[in-house]
Amino acid sequence: SAPAEHFDAVIAAEQRIEPRDWMPDAYRATLVRQIAQHAHSEIIGMQPEGNWLSRAPSLRRKAILLAKAQDEAGHGLYLYAAAETLGVDRAELTEKLISGRQKYSSIFNYPTLTFADVGVIGWLVDGAAICNQVPLCRCSYGPYARAMVRVCKEESFHQRQGYELLMTLMRGTEAQRRMVQDAVDRWWWPSLMMFGPPDGDSPNTAQSMAWRIKRHTNDELRQRFVDMTVPQAEHLGVTLPDPALRWNEQRDSWDFGEPDWSELQQVIKGQGPCNAQRIDRRRAAHEDGAWVREAATAYADKSKGQSSE
Amino acid sequence: SAPAEHFDAVIAAEQRIEPRDWMPDAYRATLVRQIAQHAHSEIIGMQPEGNWLSRAPSLRRKAILLAKAQDEAGHGLYLYAAAETLGVDRAELTEKLISGRQKYSSIFNYPTLTFADVGVIGWLVDGAAICNQVPLCRCSYGPYARAMVRVCKEESFHQRQGYELLMTLMRGTEAQRRMVQDAVDRWWWPSLMMFGPPDGDSPNTAQSMAWRIKRHTNDELRQRFVDMTVPQAEHLGVTLPDPALRWNEQRDSWDFGEPDWSELQQVIKGQGPCNAQRIDRRRAAHEDGAWVREAATAYADKSKGQSSE
Amino acid sequence: GADLSLYCQLLGDDALILSQRLIEWCTRAPELEEEVALANLGLDLLGQARLLLTRAGQADGTGRTEDDFAYWRAEHEFHNVRLVEAENGDFGYSIARLLVFATARRALYLRLADTRAELDAVLTSVAVRGAKELAYHQEYAAAWTVRLGDGTPYSAQRMQAGLDAVWPLLDELFTAHEVELRLGVDPAELRAGVLEELAAVIAEATLVVPGAAPMARVGGRAGREGVHTEALGPLLAELQCVAREHPGATW
Amino acid sequence: GADLSLYCQLLGDDALILSQRLIEWCTRAPELEEEVALANLGLDLLGQARLLLTRAGQADGTGRTEDDFAYWRAEHEFHNVRLVEAENGDFGYSIARLLVFATARRALYLRLADTRAELDAVLTSVAVRGAKELAYHQEYAAAWTVRLGDGTPYSAQRMQAGLDAVWPLLDELFTAHEVELRLGVDPAELRAGVLEELAAVIAEATLVVPGAAPMARVGGRAGREGVHTEALGPLLAELQCVAREHPGATW
């Protein structure tokens, strides 16, 4: 059919599909799922760092962290808006999040236990997110690609701030250095797992790549992240908790060990240290705010009624 | 009438009226009001000190404070039980407390701002309470008098613990001594106001004394408290914030200044620093616990049903 | 001088403590747009607090930094009004407090921004910028006051309850501390204008201006004199705990 | 030795942190009788914590006091299981946690109280007394579990939700820390008996034994290894704030 040919041609030409264009149902469903999960991750991702907002040990760090939380809420807004161009609405996606029918990135189901975690999340978690997201700036779906351009710009700013915090702590007291190393020990493996299962266990990758949603396999991105991060760790003076980590001359890359996929499976299944807590918080905010949203709607309706009189 | 004569005779003979005895309606109403207010004061009085339970700076002090809070809940229980012998029930009194129709001692509408406040409450507030309450051990209404015997014994234990805490702090650091003096500055005048308005403004005193509920006027008790406390303050090494305080050879008593009755009036009218907070907390506990009490009742009814089958 | 320093602490502490309360809304707001807005308000106030506390440490010659003031003072050394330290309550209470604070503080900043009566050039510049920020805070709070007041019956009740609960704390904003009198910036002069602005918003929200009397002071003292409510201690314990666990550390 | 000290810290930290959570119920309980009872439970656990932490400081020769352990350790130096640090939730959750903890800890104390296999005379005496106290805790929690489970439909739902939420934290009570293995007191041996006791109470409460899987560890570590949840930091900040504001002071 003509619309299907147009779709294929746009994809092949590396151009953008726009909301009014025809698209295969499966393409739409894949995008809705992925963009929603991404939006949910921004919103849930406010919690682990938000945990340190009230306790940030300097006013400057408090301001930086608060600005970051604000950015993340903003990213959530762009991404929900991008998902809405595909014919779903934000309220529906929120319902799916708080009822556990849609996922968010499992990394946020780990606890933040010291202020150094804030830095390590900026460095490793935002770093891994950027590896995942930069290719999405060229994603075949226009609104998503454009949202990602904005998101990536801010994320890399956050990443630099996280690294800068860690540099400061590593130049600080013995206790501060210990905090950083401990945070790295806890976050390293979960960060590697952010790229998803090994390629052999990732059946949807091929289709997503054919649709130019995804550009690289999970293992390619993971390797890119490791190669980028190892020298940064050395510069920082921390040890990555992987005895198998060594430079491979032939591959011109770092070899690294296997993450504990069974722990990831537990977390994905809902048994992570913070799954219940994260969803509970989001649900409580949603439920506690219901009367406020209802009031806003009622007021808007009244105002509309008056202005049309 | 015969019962009225019996009542008068018992009062005159300094004996006890018991629940089944006839008593004038006004006597009953006065006692219900006074015992309920007393019970409410025990329960609300848990809050100012309870505020420091989680932060007590040594485990020993934490244990002492927790035991005291437990005692106060216990006093509330005895006193509500004494009120119930007069034909009211605890649930009804609780409703009156949280709807503001019955009062509690205004002293608990002041905030506790440092750990020294815990000691000063023990010393001054419990001290003033004891001055008020010791004569109540000889009150004409039996159940109230007996409850007071038990309460007074524990209160004087609390008072000694409070004083001992203050002695420790006064032997401590400069900051600790400053905390004690600051707490004394804040609690001295409210403690004096615990004895109620000056005798000239206390129209019910005469009737209560005739009924042998009350044994001394407000001003008599206030003087007794001042005379008892001034030497304790000297021993402690704190200054009582009253420039008019001086020994009166002729009266063989301490002269002292006039409390700020207008501030007390504000607090009594509900505008104290903590009135809203104290009642809100009690109301929240009551409302949050409603489902628990309902469940206990439902279970008790079922069990009764089963055992009578 | 010492007076200017103390005055900067009065204003800086108000901003710091209210910013800390706004931060608590983060991940708890009724809508994502409110997450963004409340964080933004918190950032503005935090920014004002940093400038004011930094100025306080310069003005008295002690060289104390913003962090010295925020993390290393005891509760009785904080000079904020009791209004800003109260717990957040529900969204209605938080909006009511924000409305009252932003209206009063903007009026004050506008007065301090008047260079004809300049106290201090740094303070003037904080006030000029702060007045612009607070205009947005005031608008935001007013818009929500109206939406909630004229929304559903339930929201009207909660918004009214929020205003009623906040009202007793209003008085302290207009009760001069001695340093304000010495510097010739008596906030009592702002009272009538602020109350008028508040009354207009409350009327538009179809609500009633509360009649509640001011909250009593403690032997004549209140927040400005370091006598706070029981809400401040736990707030400071949280604010200060990490910094105090690592004395002398740099972050 | 160091092992005995660490073991006393494991048990002492559990008691200390749960006691701190019980204290939060004070002035918030559903009934005055519960105010008295929960304070009583908190006092018992606090008493156990004090004896155990005091013993810990003797056993390793450092002479650290109970207060040194409670007030001057950092979060990662606390060894309590994650179960005891979780926020109180509603009365149903608190009762569920209490039931689980009291049942498991009493079983452990009964074993430690067996003088034929005595590790340490002080520990034995704490265990003997503690087992008696915990028998009351267990009875109290069981009675409420049954009342709520077999009370109203709403209370049944909340009690079940409490059990469901607590269940993933059960596993850690039976997962041996290396020091427990070295001392020959593997808590895994208690698992079957404790689960049986719990199942009997839950059956009487007409509720269902939850099937929830254990909460994941973090790179293999959890509470015993100093890797806690986000609930512990704020609890410790509150617990420690006054003591830390006055280093070296005596109370």
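Which chain is which? They are A, B, C and D, in the order written, and residues in each are numbered from 1.
Basically, contacts are C-beta pairs under 8 Å (C-beta built on N, C-alpha and C of every residue); 3 or more make two chains touch, one makes a residue touch a chain.
Quick caveat: nothing in here was measured; it's all calculated off a predicted structure.
When the partners of chain B are compared with those of chain C, the chains appearing in both lists are D. Averaged C-alpha coordinates put the centre of chain A at 35 Å from the centre of chain C. A straight line joining the Cα centres of chain C and chain D is 41 Å long.
Across the assembly, chain C contributes residues 74, 237-238, 241 that each touch 2 or more other chains. Across the assembly, chain B contributes residues 55, 175 that each touch 2 or more other chains. Because contacts link the chains in a way that matches no line, ring, star or complete pattern, their graph is best described as other.
Those chain pairs judged to touch are A-C, A-D, B-C, B-D, C-D.
If you check the complex, the residues on chain A that touch chain D are 48, 51, 55, 110-114, 175, 182, 185-186, 189, 241, 260, 263, 266-267, 269, 271-274, 276-277. On the side of chain A, the complex with chain C involves touching residues 43, 46-47, 50, 52-63, 66-67, 69-70, 73-74, 76-77, 80, 90, 115, 165, 168-169, 171-173, 175-176, 281-282, 284-285, 288-299, 302. The touching residues of chain C, when paired with chain D in their complex, are 74, 234, 237-238, 240-241, 244-245.
Note for the complex: chain C touches chain A at residues 16, 20, 23-24, 26-36, 39-40, 42-43, 46-47, 49-50, 53, 66-67, 70-71, 90-91, 146-148, 150-152, 154-155, 158, 238-239, 241-243, 246, 248-251. Across the interface of their complex, chain B is touched by residues 74-76, 82, 165, 168, 212-220, 227-230, 233, 237 of chain C.
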